[in-house]
């Protein structure tokens, strides 16, 4: 497969880009923020997403979805990134779908159609501390009655306070097991926090939460692979969204360079800024290619996907960080004001960079996967 | 040396007796800073006591002459006072643009009368000043400013607007660059002083990405300024401004110079835990923090060297630009690392545990470091031109 | 797809039968490369066999038409051939500026007669070409070149000198930019071809910091060039040169695209040993190597994407400049890390154990990557102007 | 003490700078290199150094030296760096003197006067592998007869093949012990290698080398502190020399920017290059200050010296590396030729950067000394 969008994908992009730009531009985020929206996203917008079939893009056709791949999901995520659109798309339609589709079984049968129909919002309860350490899960699931009893604390759970179901990673006797914990389960408390980018992420407490045996996603003790699928999909998706954030910030900044005058010149005429903008362009292009490669390898089910996913998350993190930093700096004083959008890009970038492993985590993974 | 030793002993005893324990706690946030001024409300009795004690000794401006409210200390004595205050972690009794900026300008360019008139209230924290330099259309190209003072014989009538006036909504007076000759770009600007309560002055806070509003837009609508209220010469305000910009840079950049050698990696080691080799348990972040610490410790040495040379006239006049450039870029990098170190917790914007998103807001605030007081790009231009003598720079 | 599958099988079988085992060993140094040409002496029988086998199939230039010595393969078939050669680690049968540079120029701008005349000997490795672009006074400002060809009716008389002519002392012919109109900067240059044995041509190797001399200064003293020996139009050689510069960048940058995903950290892990956590036992160097590997793996993806887009006409025409910039800067960084990884041993300049200082010389050689074929600065200018459309760039 | 050169130090600089520039400019290095000099430096030049009292600058007055400090030695080293002068000054007059002065005793009494009088060249045999790992010494010293028997291999021993004495760090039963191994000791072989910067460094083999008990520098098993003194002095000196190398490269490059024309302009008029040159200037100034601070703390015998020494070595390494890289790049093609000096600066910088711990080693030390 060549590493560019084929005709179908290009068509998808041509329909998604104007849709998101019109329905959920940055002003949409501002409105939710300024009205202190308590959901974290617009349910009306999600309904519009549903009309276009987006929530079920990655859901297999057998479960009522479109059976598309990560390359296609990435197209949507890039536009979400470019417009800073608050949306449960990444956790629900990418991360949760990847896990459920990989696992199959009861929970897949129950939730995948509900995701595809736009009815279910799913949260991913993986992290436990302030940093992403999925190899050190201490939430426990102990056998109790017909099922399990879950105890632990989860953090950085996007949409955790409104999700219809949360995928919870827990330690079981022989490994890691993933559980589908429904919204109304007793003993679950979600304490939502407003983050720097105005999104809401919860600290989730699981205090003796009892679930049936069939709440297990996949098999008991065999959640490692499913968790890996969830992580690979979510990381790649977050990277695609960051490419959108970085590209949006860069485009806005390049436009500004062509408009703002200082010392009797357009500031874009100054070679110092030209070279930095050109360097940034190169970094963004590299990041974009890395993300597409990760999407391609995931879609192919390739062995090499895991390495490329970490490369993509790290590289997109670096490039988008550069884009928002250069963006604010090149905008000068007005870039520091809440009135201008560039600062909002910096905030969203920071949250995405941290989500599911930051640059440092993934560079370290690259080293480990290469045996050093 | 024994005279200085005696002075040190004296200072130490005085501080022991006069600096309230509450004033030896680290500054937690903006609220712990004493800015003074007509509208000032002390946050607590200790803050008031500490300011008054210092005012009585001239210690708010220790190196200013006694006639202007200072203590008339020599540079060596001033250094000792600062060392001793740092030793007991005493807070600054008074922060003030009057002390940092207008004061040095008046000491350099003011008449004797102006010095007595303006410096004493600054030293006592009675008048709070703000600075009116930038304008919406100017920015880095400061000298293109448009705010105009029309000559009306014994006064000017000032019209225009300023942006990035720090705490203009809380200040009593403003020192302000005003064009008084439209035909002459550099030699057509006057450095004026006027009361913010003058009719025609209005301010509007600017909401920043950090969620705070330390700056304002300030509008002048037929503001009358007596023709006695200027510093230096009429139409030669740019000389004063340039002098002050150097001073501001010195302040912004020198800020770190006397600071502690606090290691960012050391500060985060506990949160992350350590591996078997005693290393902070996030190897790549550890490497970045260590590289940063190395740069910061080196920069601190430069801060010390810069201050030592500056005070004795050995520094290149433009070296404050270099200090400002390097220092502000480092500070931005520090806060990127602080955010990484804090992880998802540091992303929280208004939770109690994070003191209302202190880390996130602080991180965003630092992005202005390399813009305010001359952008990094302007600093680099100045270094290229004035230090490296590159052509056409 | 089955046609391509059949082609793959055919290629695989042919390679198995025709690529000598010695030609499947990694290239160790310059001596293992086959450049061809009139003066060429094969390093061994296998090198000769392999070249001849490829020539007979047209595989030295697989995508050129058969009439010009190629195999007439489609892009898909060419890709398969390359994949299969890579699979068995086959060396390139023939490296040549004729293949990389002059060939594409002739294919684009040459007459049918010229194509037949010049391309076949290139494909067969019979004529080795060098490139005469830069001059001592020009550098990045290539178009300021001064070498002049005086019009003498049926021929030019060329005087001047070129610099950075790769292997000019070993080449048979040169393709060369010569000013033929002094009044017209861009439209006054002709892209000439002539024999290096022409009277008046002399070369002088340039000793580089790496201790090697792959480049020469080349002097033209009344060199007679028939007026048939040019490509494109007279005075329009700049069009050909620009086209070729793009091609050269594509080559320089695309070089890495098909390479293996070799991890630099992985390569050094053995030398350093590992700590208890399995990490390369030099934590900061490990971090830098890991950051580098991340960048390189990402860049490789861009190389693949770039080639896929370039071949199908989807790439921005200036994107080869971006590839060149990013790729060469990465390669310099790689060699800095290789030197660090090698420690004091890598510093050795002529010891046997270090194969005559191979690492140090290789490291120094890479410093030219961001200069030759257009400096990084020129690349950034082009990106700023042609891709970002910045004003005045 | 203020962090600038006092009047005496400024005077010293005013006499050293022209002396080195006249007697041992870059052409001096070229001559040694092109004649394949087998010593590694000019003994004539060393005699001139001796006339000026330089070899004994750091030697206590009681031992016939000038009793100066690292700040003064740094002045000499900076000029050595700026002129790329091959010299045994760093190993002999800085590293060895620091160790011997710290240790006192027989060996100090024997060698310090000889160093001060310019008669003795001393080599430092610390490293064993390709990387500097002074905490992992495997050369052994076992008691034998009246003294010790040394076995092991040392590498990167500058001047090892011509040194009158080598300071050898070896493992003894209860710790590290330093030995003064004279030139003619049986069982020592020095295999000199030409390095990238044309200096000569030896692989030294110690094969059952027998030395007397009084060959011990300081006390048996108590060589750790002496080794620390040696390392601190040599690292700080190497950092000072790198400041000279970086400064020399930068000055040469800035001059070139004012001379070379491209596109009808002096290349120094291009803001892209101006900003990079200005950035480099800042980095060099920071490095210079760090090195001076390390010198000052060493001269004061301060506790904090060790940290600052690592900071200085690392920062000087980074800044000088930037200076030579920017130097070659800004010189363009001619920067790649052997004919121009800028490439020689790149080579010397690389050797100094590696010597006694590279940037990575010292940044790691900074982390360790700060408890992480």
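A, B, C and D label the chains in the order they appear, each numbered from 1.
Everything below uses one rule, namely that a residue touches a chain if its C-beta (ideal position, glycine included) is under 8 Å from a C-beta of that chain, and two chains touch if they have at least 3 such contacts.
What you see is a predicted model, and the numbers here were worked out from it, not measured in a lab.
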{"item": "Number of steps on the shortest touching-chain route linking chain B and chain C", "value": "1"}
{"item": "Per Cα centroids, the chain farthest from chain C", "value": "B"}
{"item": "Length of the line joining the C-alpha centres of chain C and chain D, rounded to whole Å", "value": "40"}
{"item": "Gap in Å, rounded to a whole number, between the CA centres of chain D and chain A", "value": "51"}
{"item": "Chain C, residues touching no fewer than two other chains", "value": "279, 283-284, 286-288, 290-291, 377, 380"}
{"item": "Contacts with 2+ other chains: residues of chain D", "value": "270-272, 274-275, 363-364, 367"}
{"item": "Chain contact graph, described as a line, ring, star, complete graph or other shape", "value": "complete"}
{"item": "Touching residues (chain side chain A, partner chain D) in the complex", "value": "270-272, 274-275"}
{"item": "Of chain C, residues touching chain D in the complex", "value": "134, 139-141, 144, 163-164, 206-209, 211, 271-272, 282-285, 288, 332, 336, 339-340, 342-351, 357, 360, 363-364, 367-368, 370-372, 375-377, 380"}
{"item": "Touch list for chain A against partner chain C, complex", "value": "2-4, 254, 257-258, 265-266, 268-269, 271, 274-275, 277-279, 281-283, 285-290, 292-293, 304, 307-308, 310-312, 314-315, 362-364, 366-368, 370-372"}
{"item": "Contact set on chain B toward chain C in their complex", "value": "275-277, 279, 283-284, 286-288, 290-291"}
{"item": "Contact footprint of chain B on chain A as seen in their complex", "value": "127, 129-132, 155-156, 193-198, 201, 262-264, 270, 272-273, 321, 325, 328-329, 332-333, 335-339, 343-344, 346-347, 350-351, 354-355, 358-361, 363-364, 367"}
